[in-house]
Amino acid sequence: MSDLQELYQSIILDHNRRPKNYGSLDEANRSAEGRNPSCGDEVRVELRVADDRIEDVRFTSAGCAVSRAAASIMTQSVKGKSRADVDKLFEQFHSLVTGKVRPSEQEARALGELAAFAGVARFPIRVKCASMPWHVLQAALRSDAAASE
Amino acid sequence: MTRNPRRADFPLLAANPDLHYLDSAATSQKPRVVLDAMREYYERDNANPHRGAYALSARATDRYHAARGRVAQFLGASDADCLVFTRGTTESLNLVASAWGHANLREGDEIVVTALEHHANFVPWQQVAIARGARFVVCPLTSDHRVDLDALRTLVNPRTKVLAFNHVSNALGTVNPVDRIAAIGRAVGALIVCDGAQGAPHLRVAFDTLDVDFYAFSGHKMCGPMGIGGLLGRRAILEAMPPYQFGGDMIEFVRDEESTWATLPHKFEAGTPNVGDAVGLAAACDYLDSVGLDSVLEHERALVRLATEKLRAIDGVCIYGPKPSERSGVVSFSVAGIHPHDLSTVLDQDGVCIRAGQHCAQPLMRRLGVSATARASFYLYNDEADVDALVRGVERAKEVFAGSELNENELVPCRGAR
Amino acid sequence: MTRNPRRADFPLLAANPDLHYLDSAATSQKPRVVLDAMREYYERDNANPHRGAYALSARATDRYHAARGRVAQFLGASDADCLVFTRGTTESLNLVASAWGHANLREGDEIVVTALEHHANFVPWQQVAIARGARFVVCPLTSDHRVDLDALRTLVNPRTKVLAFNHVSNALGTVNPVDRIAAIGRAVGALIVCDGAQGAPHLRVAFDTLDVDFYAFSGHKMCGPMGIGGLLGRRAILEAMPPYQFGGDMIEFVRDEESTWATLPHKFEAGTPNVGDAVGLAAACDYLDSVGLDSVLEHERALVRLATEKLRAIDGVCIYGPKPSERSGVVSFSVAGIHPHDLSTVLDQDGVCIRAGQHCAQPLMRRLGVSATARASFYLYNDEADVDALVRGVERAKEVFAGSELNENELVPCRGAR
Amino acid sequence: MSDLQELYQSIILDHNRRPKNYGSLDEANRSAEGRNPSCGDEVRVELRVADDRIEDVRFTSAGCAVSRAAASIMTQSVKGKSRADVDKLFEQFHSLVTGKVRPSEQEARALGELAAFAGVARFPIRVKCASMPWHVLQAALRSDAAASE
């Protein structure tokens, strides 16, 4: 597989085409937005959190395939997770996309569809596209519940 | 296919025969003669100019003075003292908006810019308008993305104190009719400010006969080094303006309570001048003149025409801006279902460097109804091989994204005239 | 006499073995490694950083980012985002006076500077004081031309909003006790602004632990190229400040009516950054670290001590400023009956480059009671041969002017401590 | 003679030491000042003009030997001269100090002590020191009589 095919795997292209959990969440009690002014990308994440668990999550975005697919797969991976779980998962994901660690087969299995982003490591400039939704999610989790209601 | 022989003049291009550099509107590559000139300055004549009474410092002063004369001449300005060296277009425009604007704008005044502007010729005016209580007015575009002159005529009125617009749009390549736009502002006595960042590298500028009060440009976009550019202004206006920055070289007398200013151009050049880069810019003018700006433009337009034709033939490609004969070396486009950022990554795999994004022109992007475009920009060292690589790359991107039919959120409304 | 082997690192000095360059306080010469680094950047990695999604642009971005980190580290700043690249000290100080000053100064506020300041740290404050209706206060000097700390204590009061002073005086070489001066301003909550133009090239700066809010410096005085310098600031203050210039790279969103700003350091860097010169400055930091700033200072001080001794032994020579151990590499002096300008011409005949004039410090010159001084400034490439040539030149000037006994109007009152 | 001796001829050193027509002129009806901020030089010229003739002239200066001697010798050379005469004399002087023309013996004789400034031509940076008093004189001649009284 060429670097390019590795980056634009069908899984990523599919999520770009038909993102999961796309749109806004009616009963959200947390939200945040992220922007990359230089390329014009924007992501918005809305959450419903209860007992430190993500009960539901949705996102909207205007941006490249990598960031949209990353957001889509992220929303699937974090439902039911706590803030600590999310931080840990993002750490693994970040190591993966920056190419710091090659995950073992078992680890890759645990990452599920997130593992599809291993190809990003060959494209350092695109790392921020893949990470941006996660930063926005973390910001939303840390946002003041009252303020974003 | 044989490559453009001018690539040999540019060390970076010569060393990378497979590189297709199509981002000259962002910054140009530098010919060897420019790098040599800077190095030679530092190795032979380096000293702080103006300030020393010894021969080495006099040589540095002479080099700086000669560079000013050369650049002024390149831009058709006979009064070289009216050329202020700055870091680039952004600083030049901020200088005018700040020094002229704060001294002359009052509540109720109006500032008119166009929807084609780069942030550098938009935000400084927007901010000085806010600070001075003036009205900030954005002139709309025609459907083929030119300044709408009819609309401009209705927007400009006796309260209009500034009319600011670019010579050539960096986002679309649109070449603006400077004299016709300026005439509309002149009729009401407005200050005419022209952002020449994309003009000076491509079009012969004759400042003496051009009907603008200020013309701003960047060295790094016209084969010169980064860190230098300039502002051409009319003597009477420059002399009446307060200074921009304060410090060495720009003062006459510094008393404890007040200070008086040096004459032009020093009044606007506080601090140690950037002689090294000024010498580089002068060498860039020599280089461009040796090629001839007319043949530069002709060469670019031929490539733009070719690229426009070939890209238009691809399904889903939308090209923005007016027809090639009204553009300089820029082709701004989108491909349905592929975000420009992804397109750029695919092209980069084949060494094709294009720009994907908002081109520092968010007001324009909003009006185009897109969050980003892909932009290929051509200069004197490009050739047909670059066009072909671009076109091949777009086709390859379509293959990579094949099956990825348009989704609603990606739908880019093509409103380009071409 | 064998020359300083470091001359071989500097092409201009290596090519001119008979040159005695004693004007490094105005601008330093450039080592080959700095010129090589710039050239290599332009030949290998040149592109507009931040804006492109292709690999070449990413390399340019990395180079620029790495340069910022390197320069911040050289100055002991762990938060590299708090280093704003500017054209030099003058621009850095104007940035603070303009952006912070206009946002924070009110009628009745006071700004205190010292009588030792370069115009770049004097006029911007004087002018913002005039614009904002604040009081501009100049702190006097002791009889040996140091900042009079007792006087400063009586001048600084709760209305004092800014205390601005230099780390080292360019006119006399006086090294100021930064922490003691800063403490006086801190006690009343004033903004502490340090002009480090003559500090950074000679003294180890540890910004993280230095008790100042802003530290400004110029690359060209510390072996770097012209056209680049910086401003170090405290994050909270930089974040609270409005921007200085507006344009590309410094914005977040540009709406028609208003704009929002990018995060640090971009907020203060409008326009295409000067990557080439930033890379050169980073290489200069490498070079200075390879020599070791401590040994640079020690070397200079030895030469200053020697020059001071030998010059003092000449009849009619008056040296300004405190004793050599309280100075960096500067010897500022006058010779009775010979105007510094004439002295400089005589010295220049023997390849000795000194500066004659007001050193952009008219307020200081008035207080010294002179219209000009001669200034020899030493750096890491100077040596005893330079000192000897200087001393011989002064003696020769005395011969040329022999018989030209002092006339009343030439009488320079020697009030130097040394 | 070395370049230096040529520049600092005894005639120049003497005028520097004991300038002629130094001080201020009681019945001046024209005056002007000139400054070179970078080196700190200052020259002030005061004139009494009647019927377009310089009846008397004085100067003060803070500056280098070249500018002071140039001012001193200038004041000697221009007494009784008209504005046109001064302009013509300065033109000759300027050609001399910039080295544009080497004056014939006869011309040199006509220049009188001004000819001593031929040595300045080898020191381009000092040309402005020698010319500055002349520029100030010309400015004084063109100054409004009423305004400077």
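Note that the chains take the letters A, B, C and D in the order they are written out, and that residue 1 is the start of every chain.
Following the convention adopted for this analysis, contacts are C-beta pairs under 8 Å (C-beta built on N, C-alpha and C of every residue); 3 or more make two chains touch, one makes a residue touch a chain.
Remember, predicted model here, so these are calculated numbers, not experimental data.
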Geometric centre distance via CA averages, chain D-chain A, whole Å: 79
Inter-chain centre distance, chain B versus chain D - centres from mean C-alpha coordinates, in Å: 48
Distance from the mean Cα position of chain D to that of chain C, given in whole angstrom: 37
Mean-CA-position distance for chain C and chain B (Å): 32
Residue list for chain D, restricted to those that touch at least two other chains: 37-39, 125-126
Chain C: positions in contact with at least two other chains: 51, 53-55, 249, 251, 253, 341, 345, 356-357, 362
Touch-based graph of the chains, sorted into line, ring, star, complete or other: other
Each pair of chains that touches, named by its two labels: A-B, A-C, B-C, B-D, C-D
Residue ranges of chain B in contact with chain C within the complex: 11-12, 15, 19, 21, 23, 26-27, 29-30, 35, 38-39, 42-44, 46-48, 51-57, 87-91, 93-94, 97, 118-120, 122-124, 126-127, 130, 136, 138, 218, 220, 225-228, 245-249, 251, 253-259, 270-277, 341, 344-345, 347-348, 352-357, 360, 362-363
Contact footprint of chain B on chain D as seen in their complex: 35, 37-39, 124-126
Chain B-touching residues of chain A, taken from the complex the two chains share: 2-5, 7-8, 13, 16-18, 22, 37-42, 61-66, 123, 125-126, 129
Chain B residues touching chain A - in the complex, by the definition given at the top: 338-342, 345-346, 349, 356-358, 365, 371-372, 400-401, 403-405, 407, 409
Residues on chain C engaged by chain A in the complex (per definition of touch): 50-51, 53-55, 58, 249, 251-253, 262
